[in-house]
Every structure is written in C-alpha cells, then in structure tokens.
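Chain nomenclature is as follows: A, B and C, assigned in order of appearance, with residue numbering initiated at 1 for each chain independently.
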Amino acid sequence: MKKAALIQELIRIIGPEGVISEPEQLVTYESDGLRNHRVLPMLVVLPVSTEQVQAVMRLCHAEGIPVVPRGSGTGLSAGALPVSGGIVLGLSRMREILEVDLENARARVQPGVLNLWVTQRVAPEGYYFAPDPSSQQVCSIGGNVAENSGGAHCLKYGFTVNHVLGLTVVLADGQVVKLGGKGVDKPGYDLVGVLVGSEGTLCVVTEVTLRLVRKPEAVSTLQAAFTSPDAAGSAVSDIIAAGIVPAAIEMMDNLSIQAAEAAVHANYPLDAGAILLVELDGPRVEVAEQMALVLDICERNAATTIKLAGNEDERVLMWKGRKSAFAAMGRISRDYYVQDGVIPRTALPTVLREIGALAECYGLRVANVFHAGDGNLHPLVLFDSTVQGQAERAEELAGEILHVCVDAGGSITGEHGVGFDKKRHMPAMFAPSDLDTMQLLRCAVDPDRTLNPDKIFPTPRLCGERPGPYEPHPLQEAGVADLF
Amino acid sequence: MEHARDREQLDQARIDYERTAFGAPAHVQAAAEAAGEVSVRSGPQDIGVAAEGSGVEAVRGGGGGGSGSSVPLRLFPAFDAHNPPSEELIDDCVHCGFCLPTCPTYLLWGEEMDSPRGRIHLMKAGNEGRLGMTDTFVRHFDQCLGCMACVTACPSGVQYNKLIEATRSQVERRYRRNPADKLFRRLVFTLFPYPARLRLLAPFLLLYRASGLQGMAEGTGVLDRLPPRLRSMHDLMPRMTLRRLRMRVPGRVEPRGMARARVGLLTGCVQQVFFPQVHAATVRVLASEGCEVIAPQGQACCGALALHAGYDEQARQFARKLIDVFEREGLDYVAVNAAGCGSTMKEYGHLLRDDPEYAERAATFAASVRDITELLVELGPVATRHPLRTKVAYHDACHLAHAQGIRREPRKLLEGIPGVELVPITEADICCGSAGIYNMVEPQPAGELGERKARHILATGARVVASANPGCTLQIEAHARRLGASLKVLHPVEILDRSLHPRRKDL
Amino acid sequence: MSTNLGSQSTTHEGGRAATPQDAVLGVTPRMVVEANSPVEVGKVLAWATGDGLKVVPCGARTKLDRGAAPEGCDVLLDLGKLNRVTEHASGDLTVTVQAGVRLADLQKQLAEAGQFLAVDPPLPGTVGGLVATADTGPRRLRYGGVRDLILGATFVRADGVTARAGGKVVKNVAGYDLPKLLTGSLGTLAVLVEATFRLYPLPASSATVLVDVAPADLRRHAGAMLRSTLVPTSLDFFCDSPGSSSLAVRFESTDASTRAQAETAAGLLGGNSRIVAGAEERVAWARFDSVTSSSDNDVLARLVATTSDLPGLVERALRAADEAGIQLTVRAHAGHGHALLRWHDVSTEMALALLRSLRAEAEALGHSLVLWRAPLEVRGGIDVWGSVGEGLGLMRRVKQQFDPQRTLNPGRFVGGI
C-alpha cells in the first residue's frame, strides 16, 4: 500500500485529527525519554478507542507495517523508539478513568491515563495507586504496564505487575482479548502477569484493571545523613535485619545531593557522603515503634544528622529532591546517562567501590541514586557531549557498570526496561537458550513481529522453527539470520 | 525477506522525508537551484532518519545533537542568526516530559508537538537546519499559550519563556502569514496596547449593550455566523458601564497615616480602560496601607502583549518609554495589578540586555517591580480588615503563578480577611485559555480551556472568583456566562478593598 | 535399573515400573522416574518428547488430583530428590530453592533467620507443586499470591532444553517474566527445577479477632475491615453448619501494634467479638483448616471471585446445600474473594447439580468455580475448570509453542490444554 493510501485508510479509521504525517510533527516522536537513539516514524496515529486500535492493528498487520506503541514517551530504554517505515501508536488520547470500584479496591482505566491521576481520583476516598515511578506525574498507566514500572515504594508494595489484575489487549493481528479481571488468581495461564513488562512487543493494552491500596493510617519519613555510602548501606542492612519492611529506603550519594539541592532546595545537607530517606507506613502504633528502631539504627551507624518529617509539607519536600534527582543532573552536568541496574542489596559496598574505580578509570563523574531496599541502583554517568569522545566513553562506562551488576548476581534493569538501548546487554544476563525460550512467547502471540520489533532481544527468533530435530532455517542457510 | 522489506521501507521513508522535511516550498528550491546558489540534492544524504543497517540513528550524548544528525540542507533553515532560540538553553532540556501534563495544549490534544518538550524539540531541529519555517512548524508555536506552567514543572530549570520569546520573534520576522491572519493580528496590535484608542472604542461597547443590540445579536444566532476569531472577541467584550467609562486614576494620592513607601502604579492599557475599578481599589488599598501612590502621567502599555506575540521590537519601545516615565518619580516600588504586565516588566533587564543605554536602567527598574499582592504581603497589613462572609475560589493567573512564582501571596492576602473561605480549584495549574491575545487568535483551544476552567470553578460552589489578571477575568466571565452561570470575578485587591472599606459595596 | 516401555522399546535409566499407587486420576503411568538433578530432568524430557511419550511431573503428590485426568501418562517424573535450598540470601530477603523441597522444610530453615516464604496454601507439598498450582491461603490478603512472590525460575522445556528467566533480585524487568507464566500452569509448559522467591520477616506476634457473622452479614463486616486503615493478614469466614458461622481477622505485627489493631477491629466488628492469641488462636485456625481434610465421598471446590461478589455466592451455596440436606463447609477468604467449599458425603447427581448451579451463578458474574477433589464419577460429569473466558485461544497458542507435542500433563489443564 502506498503511503498516501495508507494515510487515507488511517484517517478513515481515526479521523484526520488522529493521524500525524507531517515531518515537522513526526520529528517530535523520533525518540522517547532517552534521546540517545532517534528514528523518524513513517506516521503517528492517536486512536481514542479499543476499536480504533484494533482497526489500526488489522491494517498494519495485513500490510506488514511495524507498530510501536507509545504512552507519554518518558521511557529511558528507548522502548518506544520508532521503527523506520513503521507507525507509532500513541495512546495519549485514551485517558479516561472508566470505573472506580472501591468495594473491590479496583479502578479500570485506559492506557493513556497518567499514573498520578489514578491516585488523585481516589485520594479523597482514602485510597491510592501504589506504584510510584519518579515520573509518576507524567508517565502513563499503559507505559507502566509495558515496562512493569516500579518506584520508590515497591520494596513493600511491589511493582506494576502486582497491581494489575486485568487487561484488555489488542494482539498484533487485531484480535481483542480480555484477560483477568477484578479477581485474583483466575484459572488458566497468568497471561496478565507475563504481558505486563513485555515492553509493547506482545500486545497493545487498551484497558487496565488496577488494584487500589488503602491509604495507611500513618506515614513517617526520616532523612539521615552519613559520611559515606558504606555507612548508609550498613544502616540499611541493620534495618532489614531488624525485620522491618519499610515502604521505601532511598539512598543518594553526594553528587546526587548536590544536584537535587540545586534543583528543588530540599534542605539536604550538602556535605554528606550519602543520605538515606526511610519511609515507614502502616498502623500508627507499628510505625511509631519501628521508626524508633530505625532512629536507633541510624544513630548506631553514626548518622551525622537525622531529621524526621514533622508534617506532610516536610515529607513532600524530602521526596521532591529524590524524585527530581535525575532531571536535576542537568544542574551540575551538561549531559548525563541514566543507568538502571540491580544488585543484591548486600553487595552495595563492593559494587559502589567498583563503580568508583571504573569512573576514575574513565575520567568521568558518576552520581548514584539507589532504591536501597530492593537493590535497584541508578548510577548517573555525567559527561559533556561537546567534549570530543566523552559521550562514547560515558556510554561505555554505563555499559561496564551493568556488567558489574550482573557479576554481583543482579540484573541489567530494575524498572526502566530493556527496550532498544539495552538489548545488547541481554546476553550478559541470559544464555541463548533463555532468550530463545522467552521468544517462544513472542512466536505464540506475534509471530510476524508486527509489534515493537527490534526491542528486548538482541537477535530475533525465527518463529517458523519448532523445537525438535535440528533443521536449518532457509534464512539461516542464506546467511540472513542467526540462530542461537 | 524481512530484511529486504525493511530496506525498502527505509528507502521510502528516506525519500518521503527528503521531499518534505526542509520546509522550503519546491518552487523556491527550484529557483534557488536555478540561481546556482545551492545544489539541493547533490547525492545521497544522511538526513537524520536512519543510519545504515540498524535503521536507528545513534546519537551520542544526551543533549548533544551529535554525530548522527548531520545537517543536509541549510538553504531555508527555520531560524536566522539573529537571536535564534539559544542552543544552550535548549540543551538544558533532558526530555523527561514532566512538562507534558501541565501544558494546556497537550492536555487538550495529547500530541507531542503541542507540548513544551515537543516544541523545544522542534526548536532544536530548527536550529540544526532539519526543519524549515513552514506553516506546520509555525502553527505549533502559535498554539502555545505561553502560560509557563512548564517552567514551574521543569526539574531541569529550562527557561522556556526565553526560548518561546526568541522563537516567536523569529516567526514574526521571518514567516509570511496569510493576509487575513496578518490583518487580524495588526488590528489587535494597533488597538490593545493603546489606551487612547481603546477609550475611543469603549463608548461603542457601552452603547452596543445599553441599546439592546447585544441582546438582539445574541438572540438571533447571527453571532454564530461570525468568523471564530471575531466571535471570540465579541464574547470576551467587557461589560462597560457609564461609571467605569468616566473613571480616571488620580496622578497622586496621599497615604493614610505615616508614609511607609512611595509606590508607582502601572495604569497600563486594557486594565485602565476596561477595569478602572481595579485601579481605584488598588489606589485605595495602597493608601490605606500607608503608601503614597503615584500614577505617572504619560505612561502607556508595558509591552507584554507585543512581547508574548513575538513583536519584540514594539515591546522594547514600550519598555524604554515606561522606564523613562517611572524613573523620574523616585519610587520605592512599581506596583502592577495585571499579572501579564508584571511578569514582562520583571524581565525588562533581559529584554533590553543588548541596549547599551538602557540595559542597566532596565535591570534596576525591573528589580523595583512588584505584583500588588506581593507588595502588600511584603509590606504587611496595617489597616483594619472587616469581615466578609463569602466563599472565594482563587484562580492562579499563569503569569503570576508560573511566570512570577507568586502563589502564596494572593492567598495569604485573601486568607487574612476574616470570614473569607478560600477554596481550591481543580487543575489550578492549568491555564484558563486567555493568555494575552491567545483567546482572540486561537479561539478554538482557548474556548475549550475556558470552558474547562469555568466548570472546575463552578464545581467549587464558590460564586466569587479572585483573578489577578484582566485577561483571565474576561475569559472566566465569558465562559461562565456561556455555561449559563454567573460568577463574580474580582481582582484580589478589590476583595481586600471591600474588607478595608466596608461601606463601599458588598460582594 | 532400566524399564522397557513396550512398543516404543524405549528405556530410561533410573526408572521403575509404576504401580496402581502411582496412578494420576485413574491413569496409571507406565514408569516412574526419579530425577536426581536438573540435568536428568532435561534428559528425561528430551527423550520423552523425542519418543512421543507423555510426562506427568510430581513432587509430594499432595495435589496430583488437581485438574482433569491426563490424556496419557507414560512417565511419572518425580522431582522429590531435587531438594536442595540452593541459597538463602537472608540480607537480601530472597531464597533460591529446588522444586522438590518440601514447603514445611523450607519454612523451618527460613524461620531460623526470622524469615518466611509468605504463602500458606491449604495442601502444602513441595515448592514445585506450589508454583504449578499457585495455591494460596488466608495470608494472600497481605502478601499477595505466588505470582507476586516468585522472582526467578529455572525450568526444563518439553524438548529438554534448560532455560532461566527472571532473576535472583527483588527487582528485575529484564526479559519476559516467564516465572509468572509458569505459576499456576500446572506443569503444562515446562518442568520447574528451581525458583527464587522474595521473603518477608516473620512477624513478632499474632492475634485474631473472632466474631459470629451470619453469611448475609459477611459483606458488610468484611467491608468494614477492608475500608479501615487496619492491616489484617487474614480475613476468613468459616461456616460448617447452618446457623454457625464466624469471621476471623488476624493481625500480625509488633506486639503493641497487633494488640492495638485487634482491639480496634473488635470494636468495629462489635457483637460477640473476642480476641484470641497463642494456643487458642491456633485451635481456631485449625478448625478453619479442616475444610480440606475431605474424605472419599466429599467434593471440594474453589470459588474464585471478587470481594464484593463472594459473600453472595457463598450465601447461595449454603442455602442450596441446606435445601438439599447436604452438609457444606465453607472457608472464604473474604478479603481477596476466594473460597473453598466442601460438600460432605454427597451423591454424584446431587454433587453435579450443586456444582453446576453454583458455577452458573459464578460464571454469570465473570468468576470461576474449580473442582479440586471429587470422586471420579463426579469428575466425569463436569469440566473440572469451567470456562476461562476469552483468553483460552491465546493460552492454547502459548502451549503450542512451549510444548507442541503435548508431552507435559496433556489434557489436565484448562480447556483440555
């Protein structure tokens, strides 16, 4: 189909206001939150209903046009990077909260609804939506589902997948399937569980049933400064060992403190080697008892200053610094590269030392922001792209850091996803047979690789192949494709 | 097979892009080629769509622009060298998207190119010579309300205000608008910034309403046949009264009690003619709070309307004149009761930075500018507040809340009045759609935003709205009317005035 | 020892001939193979798939009667010897454990470090069985299901290839989350050999508020608990004879908080509510647990619904049983919408009638009734699983990719998968 005819067809499906085809407009979709990669899409479509998504998918599937779903475009792994000659399916206009059912503590929403809107909607009734990625004011539920987003509070409350009970999905061929619902553990395969976090490679999500959580009776937030990340890390270990499951434990090193302070004036001590934010929530008595323990632990680990948030404003301010830490790096460095690795929490001191040594070796600064409770590390590699070669070195260093994480028994991504950016690191963590097995799912759902191709997997599996006696695939023989 | 398909699509995408990406109309390119100036297509070009093989252009570095985006054609780049949007300011943007949900046009349409992040991306592409100043390119800047909510939301401190001003200035200088658009804009800019001209118009507005002609027009549906922009202007028309028509601000008013400060008052353009009662209230309140109030003769528009629309030269002229007039008076403060004017006057230092004669004076002047609510809170209350039993919804004017960062002061002022119950408005951060001349030049989105705002305000149950900007006041009144509701929209200083001078008039 | 498998003349090292005691829902396997290592699991499966044999994996055999009877069973693959706790990273609150480890043994070991795997399924067997069935108990309310606790898995595909997905850390989004796909798949996609779970600290104390609640009042009382800011770890309703039913709300936290919450809850619930702890509490819960100790002529089923619909369904089931003169024991997890129902000593026709009408009501609301245990004649008259909705086609496609020759547990799962 010629492009003009395709546009006509899409306009027939969605209407002219939902089809973006001019280069001056398409250019703004060439990257998501990660600007390191850019591809100009052929077209962008902005449907408003499941039916429209279905019609677009049918058309694209029939025409062999790749489709890349996109939410708010805040992802940091180039998961919504367009495919050249492909279509970007933006879900930013599907933003209705369709139903709030407080008796079952559920909300049914469209994928373009922003994460924070859900909480804003149910807060007056004393409920909230627990996953709170730092970008919660802008990231969409659809994006959260695609990336299985976490956030500061996932140590206690889990990730997006733990809060998604039902999905309406449109498959690559346009088939609409409702999965799960308001109940939990329905019989059958947990397709919802595996579609969450599939980074838009298996389906387009058009409705999501979310779990809402009752607001806790009490929340208590403590900010403690330490002379070094090691000291702060040791305090974290003691907190965990004391049998406390905090709602969140966040650690920021000195560079991150500097940046956050410059951006939002959160009253962080500028000379601290590291600060910890520890938040406890739950029944008042439990929180009070455990916070006393935490205070004690911080003192025992030689905290230089300890501050308890006296009211909601102070608490919000403590968090504001943390939540804007990434973007605030712009204040202390021209450019930065956000890395997202996971380590077993107890390996923190070793890993931080290795990162420090690597940084020195590369002659670059690395700031560390750390979800200390669950081991999710966000090293921010600072660099200046106007200096010849520095950008390349920064990227290389960021890659090395991932290998340190994997060697420590961790993961190459805790919440940002693999996307396009990190697929080359997948073999560091998974054997060829692991990757091959994951792609069985892709072959089951989207064998033609219509949806978000060239993400997650370094080498696509040829779905024509079947397990069993080895038979070389024709493409493989022709030297066009690789087989594991 | 798959690869072959990709390849083909890649090539097609490349061709499509090359055909259309550079903005210059084909005939202009052809003419240029014929003139031998430039070879438009001198061979295979990497046009920033894709690198060989992967189909992905790897750009090194977060903000670099970098190696992948080679610039193929600078024949008709969007911007010229005279103050294009600063590359350095653009690079402050890390593409995090925190601005998206605060942007009124993104809220309406959910489109990247109508978001601050998208617009900055367009500026960058313009600077790189990847885009030309085409209709589409310009449209997305025209659609920006300039509300600066994105500036508040930005964690990286991107100065979008400076970026959009620079872009608009380039647009007005370099882009050829269609004749009707041009005429309409000229009408707006030859009318609004000039109080004398507005004053000529005012009696006709009064007559139109008093004669019953307005009622007839609204009854017959003849208005629906007006072009949208004129229709919008009509609906926003302030309700003139004979009293307002005759009101003038006195040149000097003595303070009550001991003088605490000598304060100059900007009388401005629209406020002076259509909202003289706000000036009257401002003068009375300032005097009661112990200020000597000077309204210098010969002052005119502050240049805000012009500046926000990209007519920066006109704006500079207004600014110089205003500085001249106020400097002579030896003032402690210059008080402003229109948010849009205040935010511009506070930026005079930047506006006149290249003017050797005025640069320093402008900075000094800017430092003395205060919004009236800001000034009153800074000085602290002395006059007695009498109770007013009413529920007030406070509306954040964008140029107060976002451009000047003033949110607390007006609320504090109102909360200081016994009996006033201040209620929050949902989506307080989102613009009402007024935005200077925006509701006249972009009536459709402005109308949607106005209605949204009016609904949120009505939902509070308050029937009195405090609004510190004349544009917002007109917009909110108009949309409440359209929804069949009546709201009393007052400047915070008018509400305070009634508390300080209880016999004047009840709310 | 080698065993000859007749016509296919295939043998496998370490296998033994099966006996009638090895039967899976009436299907007697041809042989039983005990795997000594994950590698051996791979060899068995490669061999079985290569020769077109059918395999039923098992552990402690506590839930071998789950699902429908397999279409065939050549090999009963016993994973009981994969019983190593590979790594308990107590500082990281994770444990990596082989599939054959008994849950009770695991909990004992974890308790030494003051931690536990936060599951309390009604029929505890091995870790493999836990993942295969995704069974949960009352504490699902507070800690989530098996899907919410599993972090990583090593498994052997039907073709004998060993693969791994997920990770050993609490947070990880690299690649597809296959451990979740395997959870509750009843061993139809792959054979789990090792899994990593997140752990929780053992709470310091426990107390339970008991109150008599009529079925008709369950929704109101459960709602009051759920709307409050209390954090109960269990919220169970129990009824074993008409006119005698109660609600148990358990709190597990620090001593002071447990006490404070229990007192608040007792206040909210009113009536004859009382707080029990220690031995008295254990006795109370043991009574609730009795729902699964069914005898041969009993029928046991699980209702999977929502918090709001569960009480109504339970009430109707109780009424129907009462009218039929059948004793029905119900244990409902009122906080998360699940219930176990046990009809005592019920005839085949009556059982089928009761099951069909309850299932019809449940499915009309979008919920499920799954048969857990029943005499073979009852099983013969009803689909064990019932409808699973629109997702079945997709589930079949997944099965087709993972196990195209239907080696693993053929026919046992939903829709005949």
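The criterion applied here is as follows: a residue touches a chain if its C-beta (ideal position, glycine included) is under 8 Å from a C-beta of that chain, and two chains touch if they have at least 3 such contacts.
What you see is a predicted model; the values in this text were computed from it and never measured.
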Intersection of contact partners for subunit B and subunit C: A
Please work out which of A-C and A-B is bridged by more C-beta pairs in contact, and write that pair. A-C
When you average C-alpha coordinates per chain, which one falls nearest the overall C-alpha average? Tell me, please. A
Per the C-alpha centroid definition, the whole-Å distance linking subunit B and subunit C comes out as 61
Whole-Å gap between the CA centroids of subunit A and subunit C: 31
Provide the C-alpha centroid distance between subunit A and subunit B, rounded to the nearest whole angstrom. 35
Quick one: which residues in subunit C touch 2 or more of the other chains? none
Partner subunit C, residues of subunit A touching it in the complex: 101-105, 126, 147-148, 150, 154-155, 158-159, 161-162, 171, 175, 177-179, 181-191, 193-194, 196-198, 214-217, 237, 240-241, 243-245, 282-286, 289-290, 342-346, 371, 374-376, 409-418, 422, 426, 429-431, 433-438, 440-445, 456, 466-468
Quick check on the complex: what are the subunit A residues that touch subunit B? 3, 17, 20, 22-25, 27-29, 31-40, 42, 44, 46, 64-65, 72-74, 81, 83-86, 90, 92-93, 95, 112, 114, 116, 135, 137-139, 263-264, 324, 326-331, 334-337, 383, 385-386, 390-392, 394-395, 420, 449, 454, 475, 480
Which stretch or stretches of subunit C touch subunit A in the complex? 49-50, 89, 91-94, 114, 134, 136, 140, 144-145, 147-148, 157-159, 161-165, 167-178, 180-181, 183-185, 189, 200-204, 223, 226-231, 253-254, 256-257, 260-261, 304-308, 336-338, 366-368, 370, 385-386, 388-395, 397-398, 400-402, 404-405, 413-415
Help me check something: in the complex, which residues belonging to subunit B touch subunit A? 1-3, 5-6, 8-10, 12-13, 16-17, 20-21, 23, 48-50, 54-66, 68-69, 91-92, 94-101, 106, 109-113, 115, 117-118, 121-122, 125, 130-131, 134, 136-137, 140, 153-157
